[in-house]
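The same chain A turns up in both complexes below, where it pairs with chain B and then with chain C.
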Partner chain A sequence: MAVKPYKLALVGLSAVGLAAVAACGEAPSDSGDDNADASFLACMVTDSGGVDDKSFNESSWNGMLAAEEENDDIKVDFKESSSETDYDPNLQSSVDDGCNFIVGVGGLMTENVNAIATANPDVSFATVDGFSEVENVYSIQFDTAQSAFLAGYVAAAQTQTGTVATWGGLQIPPVTIFMDGFARGIAKHNEDKGTDVQLLGWDVEAQEGTFINGFESATDGKSQSDTFIEQGADIIFPVAGPAGIGALTAAAEDDAVTAIWVDTDGYESTDYGSEIITSAEKGLANAVKDSVLAAYDAAQGGDAVTGSYIGTLENGGVSLAPFHDFEDDVSDETKAEIDALTQQIIDGTLVVESPASPTAG
Partner chain B sequence: MATDTQVPPAFVGGSAPARHMKAGVTHAVLGLFLIAIAFAVLGDDRLTHIAFDRTLTDLDWALPTQGIVLALGAITAAIGVWMVLGIPQRRFKPAGATAVTAFVLAILIWSYSEPGAVFRAESILAGALFLAVPYLFGALSGVVCERSGVINIGIEGQFLMGAFTGVLVANITGNVYAGMVGAMLAGSLSTMLLALLATKYQVNQVVVGVILNLLALGFTSFMYDQLKKAEGLNDAYGIPTLTWGPLADIPVIGPVLFQQKLVVYVGLVLVFAIWFLLYRTRWGLRTRAVGEHPAAADSMGVAVNRLRFWNVTAAGLISGFGGAFFTIANSLAFNKNMTAGLGFVALAVMIVGRWNPLGVLVGALIFGFTTKIAQDLDASGSALVPGEFLQMLPYAVTLVVVAGLIGRAKAPAADGVPYNPGDK
Partner chain C sequence: MSTDTATPPAEQPDAAENPPPRPGFTQLFGRYLIEANSVMVTVYSLLLAFLIGAVLLIVSDENVRSTYTYFFARPQDALTSSWILVRDSYLALFEGAILNLNTLERFQAGTAEFGDLLRPISETLLNATPLIFTGLAVGLAFRAGLFNIGAQGQLIFGMLGALAVGFSLNLPAVVHLPLAIVAGALAGAAFGAIPGVLKATTGAHEVISSIMLNNIAFFFLVWAIGTGFFHSETKSELVTKPVDESATLPTLLGWLGAGLRVNLALIVGLAAAVFTWWLLSRSTFGFRIRAVGFNAHASATAGMHVGRTYASTMAFAGGLAGLAGAALSLGVGSSGVTTNTALEYGFDGITVALLGRARPGGIVAAALLFGALKAGALSAQPDVPVDISTLLQAIIVLFIAAPALVKAILHLRTPRGGMVTLEAKGW
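On to the complex of A and B.
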């Protein structure tokens, strides 16, 4: 059963083709070559989204780069996790690489960070979106219920159909806190303005809602968003990192539908700026940058960094992004109300409650 | 569908009544469960709303939930009792299918009677057909391969290659249809590797398939990271929804059949084309012969391994095109592992469809429908069933369908067995 030479040639060609396509990619650029002889190495371990996820991993990495920019004696590096099973090996190899400060991005990684921090008391760690009681772990948390509250208020003011929707990646506190804030913002608008805007996808009292079981599948995000649109929603608020792109494509296919983005200013970070009314931002980049600088200072004294950080509207750790293309669509009245609400939250006269709100422990 | 080989010869006439204790009791219990629900949980003021949301937007049917669930429960229970008492053999399967359908319908009508839930018939059915597309292409590719006697477990990998290459080619050429052709070729290149290893080198096909999946995952993930660094190589390209003029305004049928994307029509045409080719042409006869009894085919002058090689390579065109569903049909850019295991589900659909294109269509539609229902119920906030349970639904339904309704699914006899003309 000899295979004809031309078949072998075909297979050979396909192999060459694959190799050629592979060769088109550039070699990965060395991220930390700016400060080559720095004494302090800060490392970051990403969540499964990867360092270019247009969401919280990317923001955190930007914070690392900003720290490197600011201090010549700091060099930064990252390791990408493609699944939860990569957390431990990545954290361990960061320790083995001699990193002085290791940032674990994502609340799912907190337990792994705790374990490795306990085993390595001399190294400083940070956990983003999680709270840790371990001495040498710096907790970076955000009260994003506050920014999501403002986003929910805007959504309630902007909806034409009277129905808006949200869905999440996984039912974990860093996700549901957004959904809680969003729901309470809508409720506030209904209460103050006598509207009857419905929220699909999250029941704040029952703490139940729609989740697509992951942060990667934009395909699932797209079809879930389409389903919400069929049910009458005209503003979608996806809280799912890269999978949220699915909501933006669904909005792009339907002229009447828009979206509100999370974590970063979606107008800047995604290709769908014209669909995004605003974003419930969290200032990851600044918080991560500050943590790196704090860890550097502590290391100069021979200590590991301690403490925690909670981003709020007051300290600028969370915020509502500009309206960009929707600047003219959002009424001055709504803008004034948003400013007033912001002030009330900062004063403490208005508390946005969420079971997922960060605590200083 | 092919006649069943599992029917004992005594019942071939199909008229002798037989008792089916297990199936009968199960159906009777399910029926009684529904009747109990109707009285205990559902008040007589519960209504299930059905809407034709795209054509007749003003119409809103409100059906009395309690009465319908009661009636469907009675049907299910009655069939169960019939089975226990003795049912003619030829009525057994249709009766079982009726009972299961009645049960599922009752559960659906119950679920959609929760406050706020409306069964938007047109959106749900149209969405179900669209979501059936990847299963359809994956399973059809599997049918062509396995009918030829080669196990294609690498559908997931071909999906990934197609999804990735589709976007890449669309970006390079600026033409989304060129991207779809690119997706087909990429799928075909990866099955060609399987075909070569399976025929010339006679390697274990399951192992090769698994390896090809991992290869495709690694390759596309690596390339994705590389493409991120360059602008304009992984931008989203989409295809428009085709609206067939006045046909699209027919209630139910219009939105479901005449307002879909190109991939849906390609999938439907392909089902019938492959069915015709397999069962009505010389190529189909030879392919099935090679899958059932290669030695016999060989002695009749069919070049077994050559036919297998080209069939498997051609099947890659189908699964590669199915990969384009994930990116191009959804107007999405490529992302790592975005097929999320659907290639394996497509394999299950192939088995549910018993290696027959028409069966595959039914299986894919069941999957698409349950997936869509799960999403819709989850989105409507129906408190009856928790979201996690809903996500399990498509898989649970497959198990019930495979185990309960289809029974023993029989693969082609020489499926996965390398053929070497030397050893007979």
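On to the complex of A and C.
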């Protein structure tokens, strides 16, 4: 029987494929898995978006990895949720997998974490962006209004047109808290320096503003930013994770327009460093890492981790990122004022109010 | 895979005089296996999908991939690690969807309850439930020659309808729960009727209008959750009030273990499948649906109201998708509904209907398969990438939708009745 052409093609294809991947490299000697025989298993259950969302899931996971890096006796794992209906099975199977410490990312998961923590008092839990009163749940929250306040103050000092803008992904507390802080920072500048800088996109008294209904679409983010630029804004503060990139592309197209980033230092984490004056940082990775190490320490004494953490300017959990390319543009006067305001917030003489501020335990 | 094993006896016109020996069962069965009939195409599609899935698992695993870089130095590394990866991955899917072997061991050792053994099955059934409804919603419309891509939007409206009744009325469970379910069905039906009515009155294509209505439904959901009527009183996130206890779907196996979440909606789903079967094959309305789907012009000539059939079929399909929404919002328990609750169940309904060949029994089977894949993938992560379930579903449907491809790859024979393809009317 003649060899059929398709069979030949198959053989050819597999040969090419094999050659492509099969270099004649040396076989390695036994390489051990990372912390393969660690005694402490820390697991993370993501919110929707997945572990590589370039946003809070990813930051939290980086914190887990940092903890694994730091302590050889810790191994980390994660489970992704595609919606809130996945929270319960993911938390339950993490318990079944024998995880010693389980981090639930996202305020919406708090109730689910509470329920399973009550049922499993020997296991340590943590909830990110949510507050829990359950004994063995460690609450990780951030008063990002503080860092956003400083960002707002900088924006008010830097604007040429007297108009700045912000927009959010969804109207949820972890987003609006940034917008509240930003608005109050601008108001503070107006009050102290007699300026009249206008903010588009968020009314702090009415708690109403502009949202693009999602965290994914940079296209929506760009068109929203373009709208604000047409209305005269020259500094944009997007609070929408990856969709915020749209504001950076809009800023890149217009020489007069710049942006302020959220969550991470945008100079490092995005490709648009030259457009970013500064960033209102939220030290998620460090906080998660610390919680894993704390849970590990507690487990060595046979206990579950307790307590809570609120990231503030004081403990470095939130901060204003360096100015990088804008180091020379921001006046020394403004820098001094920022330092003074930071000190006042740390001292407690200045309180940045937001309805979304974390409730202390 | 070789096709030259059994040469069938040629059909002889004068068979009466010289009857050929009747083929035995094994021979018939063997011939059936290498034929591109609908059953075998489905079986081979599944097998091929798992085969391609295995290749992708190997390619996407960094550790296994690295063993291929020294393939010629030590090939057994690459082969063993590939085999172990594929075996463990599919075993993990099985354990998450059907039976967890670890739990079985613990059960035999007396450290696990019987209910713990049933948890994977319960998760499979729970995940399959909305798919049964949306699969029926797409499949029913399909039989009328309509391509209902709007199941997602209909589901969202069903979710909101059931939710509104679920938390705003104060009634005993006996009345409250059925009322909330009916409200979900009606809301879905009302929204589903729109593309049907548009097609009947203006000729607007239902594919276009139902796709657009999906977006309208989603943004309506985002807006609705934010309103004072729906928004949670205790949480500031974008989440609705939870439904009352009296409108919550009771679990079926809750008495065996707290983690068994499969609920009454499954029974409703199976009942809906039986009803849809009856409707299609035994009722006058169903006859009209099939007649219009087979040939709208002939049906019109025969005196049937084609437009009215389109509108009522779409309303009916919308009602089925609305039930999926009710199953979600009345089943999530205390947490309330977010913009994420609907996931992609409406769109997955299209693939379920395709795999089930638009027949109620097939749709239930397909929904169970996809439910199992989802449950398995969720519990098997992170060792197995969670996207594997979506990927397998996509490949399966790709093959099902293109039986000629399966036939060509495996060199199957053309069955006597010709190839089975789904009726492509209305696409």
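Note that the second predicted complex is superposed on the first by the 322 of 361 C-alpha atoms of A that agree within 3 Å, B and C clash if a C-alpha of one lies under 4 Å from a C-alpha of the other, contacts with A are read in each partner's own complex, and residues count from 1 in each chain.
Note that in this section a residue touches a chain if its C-beta (ideal position, glycine included) is under 8 Å from a C-beta of that chain, and two chains touch if they have at least 3 such contacts.
Only a predicted model underlies this, so the values are computations on that prediction, with no experimental measurement involved.
Novice: Which holds for A:Ile245: it touches chain B only (first), chain C only (second), both, or neither?
Specialist: After superposition on chain A, A:Ile245 lies in contact with chain B alone.
Novice: Now for A:Asp122: first (chain B), second (chain C), both, or neither, which partner does it touch?
Specialist: neither
Novice: Between chain B (first) and chain C (second), which does A:Asp329 come into contact with in this model arrangement: first, second, both, or neither?
Specialist: A:Asp329 sits against neither chain B nor chain C.
Novice: Thinking of the overlay built on chain A, is A:Lys222 touched by chain B (first), by chain C (second), by both, or by neither?
Specialist: Touch status of A:Lys222: first partner only.
Novice: Who does A:Asp303 touch here: chain B (first), chain C (second), both, or neither?
Specialist: After superposing on A, A:Asp303 lies clear of both chain B and chain C.
Novice: Considering only touches as defined above, state whether A:Asn213 meets chain B (first), chain C (second), both or neither.
Specialist: In the superposition, A:Asn213 touches chain B and chain C alike.
Novice: Identify the partner contact of A:Glu135: answer first if only chain B is touched, second if only chain C is, both if each is, neither if none is.
Specialist: neither
Novice: Who does A:Glu353 touch here: chain B (first), chain C (second), both, or neither?
Specialist: Touch partners of A:Glu353: none, neither chain B nor chain C.
Novice: Kindly classify A:Asn90 by the partners it touches after superposition: chain B alone (first), chain C alone (second), both, or neither?
Specialist: Second partner only, chain C.
Novice: Residues of chain A that sit at the chain B interface in one complex and at the chain C interface in the other, please.
Specialist: Dual-contact residues (chain A): 1, 18, 21-22, 24-26, 28, 50, 82, 213.
Novice: Where on chain B is chain A touching in the complex?
Specialist: 53, 118, 120, 123-124, 127, 130-131, 168, 189, 192-193, 196, 199-200, 219, 221-223, 225-230, 235-236, 238, 304-305, 309, 326, 330-333, 335-338, 340, 371-372, 375-376, 378-381, 383, 386-387, 391, 420-421
Novice: With touch defined as at the start, can you tell me which chain A residues reach chain C in the complex?
Specialist: 1, 18, 21-28, 48, 50-51, 77-80, 82-90, 92-93, 96, 107-108, 111-112, 119, 170-173, 213, 355-356
Novice: Which of the residues in chain C end up touching chain A in this complex?
Specialist: 4, 65, 68-74, 77, 96, 103, 119, 123, 219, 222, 226, 235-239, 258-259, 261, 328, 332, 334-335, 338-341, 343, 375, 378-379, 381-382, 386
Novice: For chain A, which residues are in contact with chain B within the complex?
Specialist: Its residues touching chain B are 1, 3, 7, 10-11, 14, 17-18, 21-22, 24-26, 28-29, 50, 52, 82, 165, 167, 200-201, 203, 206, 208-211, 213-214, 216-220, 222-224, 226-228, 230-231, 242, 245-246, 249, 252-253, 271.
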